[in-house]
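Once you scroll down, you'll see the structures, which are given as structure tokens.
One chain, chain A, appears in both complexes that follow, with chain B as partner in the first and chain C in the second.
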Partner chain A sequence: MVMMIVFSVMFLISLIAVASNPSPYFAALGLMIGAGVGCGMLTQFGMTFLSMILFLIYLGGMLVVFAYSAALAAEPYPSAWGSLEVFSYVVGYLMLVVVMWMLLVNDFGAFDEIEGCVMSVRRYVGVSEMYNAGGYMLLVAGWVLLVALLVVLELTRGFGRGCLRAV
Partner chain B sequence: MTHILFTISTAFMLGLTGLTFHRTHLLSALLCLEGMMLSLFIALAMWSTQNDMMIFSSSPLLLLALSACEAGLGLSLLVATSRTHGSDHLQNLNLLQC
Partner chain C sequence: MSPYILFVMLSSLGLGTTLTFTSSHWLLAWMGLEINTLAIIPLMTNKHHPRAVEAATKYFLTQAAAAAILLFASIYNAWYSGQWFIQDMSSPVSTLMTLAIAIKLGIAPMHFWLPEVMQGISISTGLILVTWQKLAPLALLMQISHNIKPELLIILGLMSTIIGGWGGLNQTQIRKIMAYSSIAHLGWIISILHFMPALAMINLFIYLIMTITMFMTFNLLNSPTINTLAMNWSKSPILAATSALALLSLGGLPPLTGFMPKWLIIQELTNQELAPTATLLALSALLSLFFYLRLSYSLSLTIMPNTHPQTLNWNMKTTTPLPLSLMMMMTLTMLPITPTIISLF
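Let's turn to the complex of A and B:
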């Protein structure tokens, strides 16, 4: 149960690091740490497959693309969490979260945590229902992905908006 | 309120305030949006575990698929902005400013 509280606190700290709007490099770093810690939270509950999915798709897919796009936001003196504007945001959010924790959290009950047995077979059945009962949602999700691909191609079409440029 | 519910809701609110009080870069606003999606993913996964209904475990997967589409669209807008306005600074997007 201690690990859950540690993971929760680290998740909140990493999202404070993202929300205080430093330079995009450091915000992506905070988001990576938050996603890693979130995977730890999911594993503590036995959702190991969803944790792997989060790691693969979120960290390995989406954040890699974000890291490549951060090259467009390159600036000579990126403002990390030590600069004055960002640090004031960090302190403000930290005080807000601490005060809200003191006021609101009154139950540290551990519900349905699996201790000692991480691999649990019955957790896998739920995700595979996407192919059985959720077949139509699978079709919709695939269609949305195809349409998103075409929309991205259309948004960056043309000589003035494409991503290939003569440097 | 349990500490897990507090964590998930506060994480969502933090991402939302980071998106609202954006500073210079469009990309940091998109990263706050991704933080909100991350908190929603964890919330959906824990909700299906807590209610012991394993059928709902597919909903975080579908949320992640749609969130990936949204991130791709946001990044293509960022690229288009960087081509037309020179950078992704939000103060340059003042076409509607009188």
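Let's turn to the complex of A and C:
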């Protein structure tokens, strides 16, 4: 129960850190922390496999690619959470959270299920159904991955368009 | 573009729309929409100049945002009602779903991306954007149409026709004019969607025919602005004559085909006790008609009906391509067979 509250609060803080529009490096840092504690929340609910997959694909795949493309757009004076334009967003979102909390939160029903949580196998059958009944969907997904590769290839084809920035 | 890549992209376009058509699961329908978005991006940046790249970027961002909203709404629906079946969408999130599909279609007030994207791409890619890319989201919208609040669709439809009419008035570029024409026609389609989806399909069918005609005409005549339209009579006199009429058909004038959907929609709306809506729709069609009239004036009404001192082009093509002839004929002469077309839908 305590871990769940800690994870949820850290998730909220990291999302505020991302949404307050800092420079991409700092937003990526917020995203990493958010994804990390999000995986922790999933583990608390018992979905350990899903949490591992989320960590690997989201952080290890998508965020790495994002980091490379953010490195191309590096700026000499990045705006982090101390600078005024970002900090005003942070304050605004925190006030929003406080107002919504006072208005809407009546009970902590979502956290009560976790104590004494037993792994209910019934709920996880859906993931394996993706390989059974949804097999053709996976085939389409594989084709789409190939199309995505060809799209990126086509978009960066040509002289001087495919390489990283020389600076 | 390499023929292999072109083949892969065009077949993925076909795959995406077919997937959305034939699916009853929201996730598969979303996949089809994403495949469409992905596959058209290299077609847009075929001629790699900054305007095209900007258009492709804007298109990708809006469509990706709309697909994300669609995915969120379908997951909420699955959580709320416990099932993923498209036609059983009865959760409060149907409004969100409609707005996501409206962003994908370019319906006002989410239409801002469409003129800029259309202006940046070539006219044949614009044809794909305005015809094929509308089919999949409209299929989804038709399937959930009975669960959406009718007020939302009426308001979106009215806004689309009015903004499509007004927005096109100040344009001189042909592609932007056709974008606003697409917005206006989509407005007519969705305004009747809740009451009689078959009429929406008829309107879509007729709109596709008319817009394919106009896009193919502009592709052949190769004139990007209204100014250059006036030179087209020497490139192809038959196209100058018939496309002037085809533009009036787009505007919905009897006795041309474009009158059929407007007539039937106004009748159905009046039957549903929505006569003021029907009046407003008809009045906003006048705005569109004005800029179609301006285009047809430039095409064919600036020449004196005498013998002209200028000769036709030395390299004039003497035959119009068959698809264009077919579509042009259908654009101009299908009004008398309205009962046949109604019975088809």
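Keep in mind that, in the parts below, the second predicted complex is superposed on the first by the 145 of 167 C-alpha atoms of A that agree within 3 Å, B and C clash if a C-alpha of one lies under 4 Å from a C-alpha of the other, contacts with A are read in each partner's own complex, and residues count from 1 in each chain.
The criterion applied here is as follows: contacts are C-beta pairs under 8 Å (C-beta built on N, C-alpha and C of every residue); 3 or more make two chains touch, one makes a residue touch a chain.
Remember, predicted model here, so these are calculated numbers, not experimental data.
Colleague: Quick one: is A:Met137 in contact with chain B, with chain C, with both, or with neither? Answer first, second, both or neither.
Modeller: both
Colleague: On the A-aligned overlay, A:Leu12 touches which partner chain: chain B = first, chain C = second, or both, or neither?
Modeller: The answer is first: A:Leu12 touches chain B but not chain C.
Colleague: Tell me which partner A:Leu150 touches in the superposition: chain B (first), chain C (second), both or neither.
Modeller: It touches chain C, and chain B stays clear.
Colleague: Check the residue A:Phe45 against both partner chains and state whether it touches chain B (first), chain C (second), both, or neither.
Modeller: First partner only.
Colleague: Is A:Tyr93 touching the first partner chain B, the second partner chain C, both, or neither of them?
Modeller: first
Colleague: Output check: A:Ser69 vs chain B and chain C. Expected answer is one of first, second, both, neither. What do you get?
Modeller: After superposition on chain A, A:Ser69 lies in contact with chain B alone.
Colleague: So, A:Ala28: does it touch chain B (first), chain C (second), both, or neither?
Modeller: first
Colleague: Going by the touch definition up top, name the partner, chain B or chain C, that contacts more of chain A.
Modeller: When the residues of chain A touched by each partner are counted, B comes out ahead.
Colleague: Which parts of chain A are touched by chain B and by chain C alike?
Modeller: In chain A, positions 137, 141, 144, 148, 151, 155, 161 sit in both the chain B and chain C interfaces.
Colleague: Given the complex with chain B, which residues does chain A contribute to the contact?
Modeller: Per the stated touch rule, the residues are 4-5, 8, 11-12, 15-16, 18-24, 27-28, 31, 34-35, 38, 41-42, 45-47, 50, 53-54, 57-58, 61-63, 65-66, 69-70, 72-73, 85, 89, 93, 97, 100-101, 104-109, 111-112, 122-123, 125-127, 129-130, 133-134, 137, 141, 144-145, 148-149, 151-152, 155-156, 160-163, 165.
Colleague: What part of chain B is in contact with chain A in the complex they form?
Modeller: Chain B reaches chain A through residues 1-4, 6-7, 10-11, 14-15, 17-18, 21-25, 27-28, 30-32, 34-35, 38-39, 41-42, 45-46, 48-50, 52-58, 60-62, 64-69, 71-73, 75-80, 82-84, 87-88.
Colleague: If you look only at chain A, which of its residues touch chain C in the complex?
Modeller: For chain A paired with chain C, touching residues are 137, 140-141, 143-144, 146-148, 150-151, 153-155, 158, 161.
Colleague: Please give the residue numbers of chain C that touch chain A in the complex, ascending.
Modeller: Touch list, chain C to chain A: 1, 5, 8-9, 12, 15, 19, 27-28, 31, 34-35, 38-39, 41-42, 45, 48, 56.
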